[in-house]
Amino acid sequence: MTQQTQVTGWTREEMAQRLAQDIANGSYVNLGIGIPELVAKFVPEGRTFIYHTENGLLGMGPSPAEGEADPELINAGKRHVTANPGSAYFHHADSFAMIRGGHLDLSVLGAMQIAQNGDLANWSTGKPGAIPAVGGAMDLVAGVKQVFVMTQHCTKTGDPKLVESCSYPLTGRGVVDRVYTNLAVIDVTPDGFQVVELCPGVEFETVQELTGAPLRPASE
Amino acid sequence: MINKRVLNPAEAVADIADGSSIMIGGFGEAGSPIELIHALIDQGASDLTVISNNTGSGEVGLAALLKERRVTKVICSFPKTLNSTVFPELYREGFTELELVPQGTLAERIRAGGAGVPAFYTPTAVGTPLAEGKEFREFNGRGYLLEHGLTADYSLIKGLTADSHGNLLYNKTARNFAPIMAMAADVTIVQAASVLEPGEIDPEIVVTPGIFVDRVVEVADPAYESELIAAGVSYP
Amino acid sequence: MTQQTQVTGWTREEMAQRLAQDIANGSYVNLGIGIPELVAKFVPEGRTFIYHTENGLLGMGPSPAEGEADPELINAGKRHVTANPGSAYFHHADSFAMIRGGHLDLSVLGAMQIAQNGDLANWSTGKPGAIPAVGGAMDLVAGVKQVFVMTQHCTKTGDPKLVESCSYPLTGRGVVDRVYTNLAVIDVTPDGFQVVELCPGVEFETVQELTGAPLRPASE
Amino acid sequence: MINKRVLNPAEAVADIADGSSIMIGGFGEAGSPIELIHALIDQGASDLTVISNNTGSGEVGLAALLKERRVTKVICSFPKTLNSTVFPELYREGFTELELVPQGTLAERIRAGGAGVPAFYTPTAVGTPLAEGKEFREFNGRGYLLEHGLTADYSLIKGLTADSHGNLLYNKTARNFAPIMAMAADVTIVQAASVLEPGEIDPEIVVTPGIFVDRVVEVADPAYESELIAAGVSYP
């Protein structure tokens, strides 16, 4: 694996930018805590996305200017945000009614593991002694129309994150539609992982080598 | 740029197909989207299932839609109102089927449909004729019925103020079923007395967030059933 | 029965006034369509009741002044009303959450029949060809903490409304706490109907005669 | 005359007994009723079950209540936060039990508890470890879990503006769990930055109607967890 792990591929920003291209104008989007939040920086020209944060705001805007933060205007990651024109506040039951009721178009989440059948593990290592914390991840994958995962292709120790079946506790079964990694864009299909696009300069064989399940190459 | 405005009621309801299920807001005349209903009458769709608390008055609005023999099933809690003669005739004739649902169960079924809850238990109607055929279950020694979430292809509702993102405010008790019907339909169509730009409605006071709304049409001076009936109107 | 049906007892207003005396200050009350609405005219000195109407208003006030009605400010009976200071509007699911969740202190309803075990029939005669209409009655009796019935003691044809068991379709089983008629105030107890108070000038035996189930006399 | 005002936080929480279940509003520090929680710490009740989305930060507010060993069970979705060290220790030690609930399921269970719905079905957590021991059922070919309504003896919540009838407005995302917790508790206790007279809040914009509120105490200038932690505060 020594050779392959030197393949870096897309940066996080490039991953976010690539993912943003696949979001239709007018979409209602929930961006998970962490890397997925970067997507908001790369909205393609001419499109508007409306961001939902599950703690009760639709129309979330960027971080506030220095000194203008309200400690009670935060996102799901508990970071200070703003509210765009046309936004709305609501309580938690209404917020998750949006999620569970299929009203959101897209959820972008990080992942520990994605299985070839779309199973997702992103909330717990299952290690004894760990403090379990699930937040809204299970609700999002169960309710939102499309689920995109945005993640490094491998773990920090070089293990594949795209696998035949998850060894970590699941967040949901068969819920992932598409995966954006630093190496490729990969669909989850009834036939398993299907490469949609490779990072320029990255070979299919390299990606396959770093993936724990069979990949189907992009059709020409 | 997001703009859910449509030009007029006719355009708003143009794609409603025969056989559609349609939630229609209103409690009596309060909140009844008369202009949208009249546009639907003009449009011609038939074999409709209508989910609404009442069945309309006189021969305008919802009652007029029924009178045109366009509704083959009604799901409602109270199909009798002052001046309500249209529905009783269609019901007795057997043209329009009735699913009678207690008002709170109707509201909760609609809310559940919109919230992705397929079914829930309620104490309402236990031991009554409306419990017939329904699953009964005890929790903590009390009896409950299983009720199912209700969704629809369309909802037609009336707001007071909207913005182009679909955020809505209502007028007093005209709010009634509209916010939950907006949640429970695939396509929610709103008539509002004024449609503003995003940012003109305080986000703290939005009643229906725009995510639940698909189309907004401005009807600046909506009619009321009682006024039309007093004026002797029979639509169309 | 000729003699007894000449007993008129309390007027509707007197019934409403008597009932209002049993409502504690600060109670949240839903008054059914028709006679129960009269209760609002007889709030005892020093008490405030907050009226809930299931079509989405808490803090309902009296009818509007001539020319000031808003066709979209109505009560459950679809009559024009007003909103008192401190009122709130809400949607139907929230309104029936108040009812079903046990947040209302009292529901006052009319009745066709009340059985000695508290069964109530007030929505349908069950006659073939009748248009069935239930409204919120079944929700109210299933959810509200206390259910008072306000009704004439007998039907227009002189039949008793308080009976051993209802012949009409039920609104709810074992739901009535107390009945206010033109002749008496009667509790529903585990031992059946218990007279609490007789209308002045009305004899216990007269009331028993006009009642379709055994009455227990008021204890002295 | 109806007046739900109480004099101060101490009076507001005075009757909370050992063994009570208490819903506490807030998502992180937004909406956390710190002054009510501190009053509860001073008051002394123990063996509490706390229902709250998180478990607090630093050694103030909810984390301080935990640190005083007054909470033997927590029902929450995310018991880890920045600066959250108190709960992990109590959990590993076995002093405080944890019932982990997905955030949307937690919200819906609380709303159901307040709405008189004893149980409902949800797709969330199907096929995961959090489905263990839960009833599974299919509707229209999809799997769901049975979840039960959640109620509590008390709820402690934070509003921005109240009136003496208990009607409430909130500040931005501080709203979060407060409106549903107000519905689900036998006794709902509110701290609000200002308490007005009836009629001073527009009935169209009321978020929590007064029927769900039992006591209101004015805390004009509430503290924030982050500020207290930055100032090195450890309560009491």
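Things worth noting here:
Order of writing sets the labels: A, B, C and D. Residues in every chain begin at 1.
Going forward, contacts are C-beta pairs under 8 Å (C-beta built on N, C-alpha and C of every residue); 3 or more make two chains touch, one makes a residue touch a chain.
All figures in this text were calculated on a predicted structure; none of them were measured in a lab.
Traced through touching neighbours, the fewest hops from chain B to chain D number 1.
Chains that touch both chain C and chain D are the following: B. For the interfaces A-D and A-B, the C-beta contact count is higher for A-D.
We define each chain's centre as the mean of its Cα atoms; on that basis chain B and chain C are separated by 29 Å. The distance from the centre of chain A to the centre of chain C, each centre being the mean of the chain's C-alpha atoms, comes to 56 Å. If you average the Cα atoms of chain A and of chain B, the two centres end up 36 Å apart. Multi-chain contact residues, meaning those touching two or more other chains, occur in chain A at positions 57, 83, 89-90, 93, 96-97, 99-100, 143. For chain D, residues that reach two or more other chains under the stated contact definition are 108, 111, 115-117, 122-123, 170, 172, 204. Contact between chains, as defined at the top, is found for A-B, A-D, B-C, B-D, C-D.
The part of chain A that touches chain B in the complex is made up of residues 25-26, 28, 46, 48, 50, 52, 57-59, 83-90, 93-94, 96-104, 143. Of all the residues in chain B, the ones that touch chain C in their complex are 27-31, 53, 77-82, 87-88, 91-92, 98, 100-108, 110-111, 122-130, 170-180, 207, 224, 226-227. Against chain C, the residues of chain D that register as touching in their complex are 1-2, 111, 113-117, 163-165, 167, 183, 197-199, 201, 203-204, 206, 209-212.
Contact residues of chain B toward chain D in the complex are 108, 112, 115-123, 139-140, 142, 144, 148, 169-170, 172, 204-205.
Of all residues in chain C, only 53-57, 70-74, 78, 83, 89-93, 95-97, 99-100, 119, 124, 126, 129, 131-139, 142-143, 169-173 touch chain B in the complex they form.
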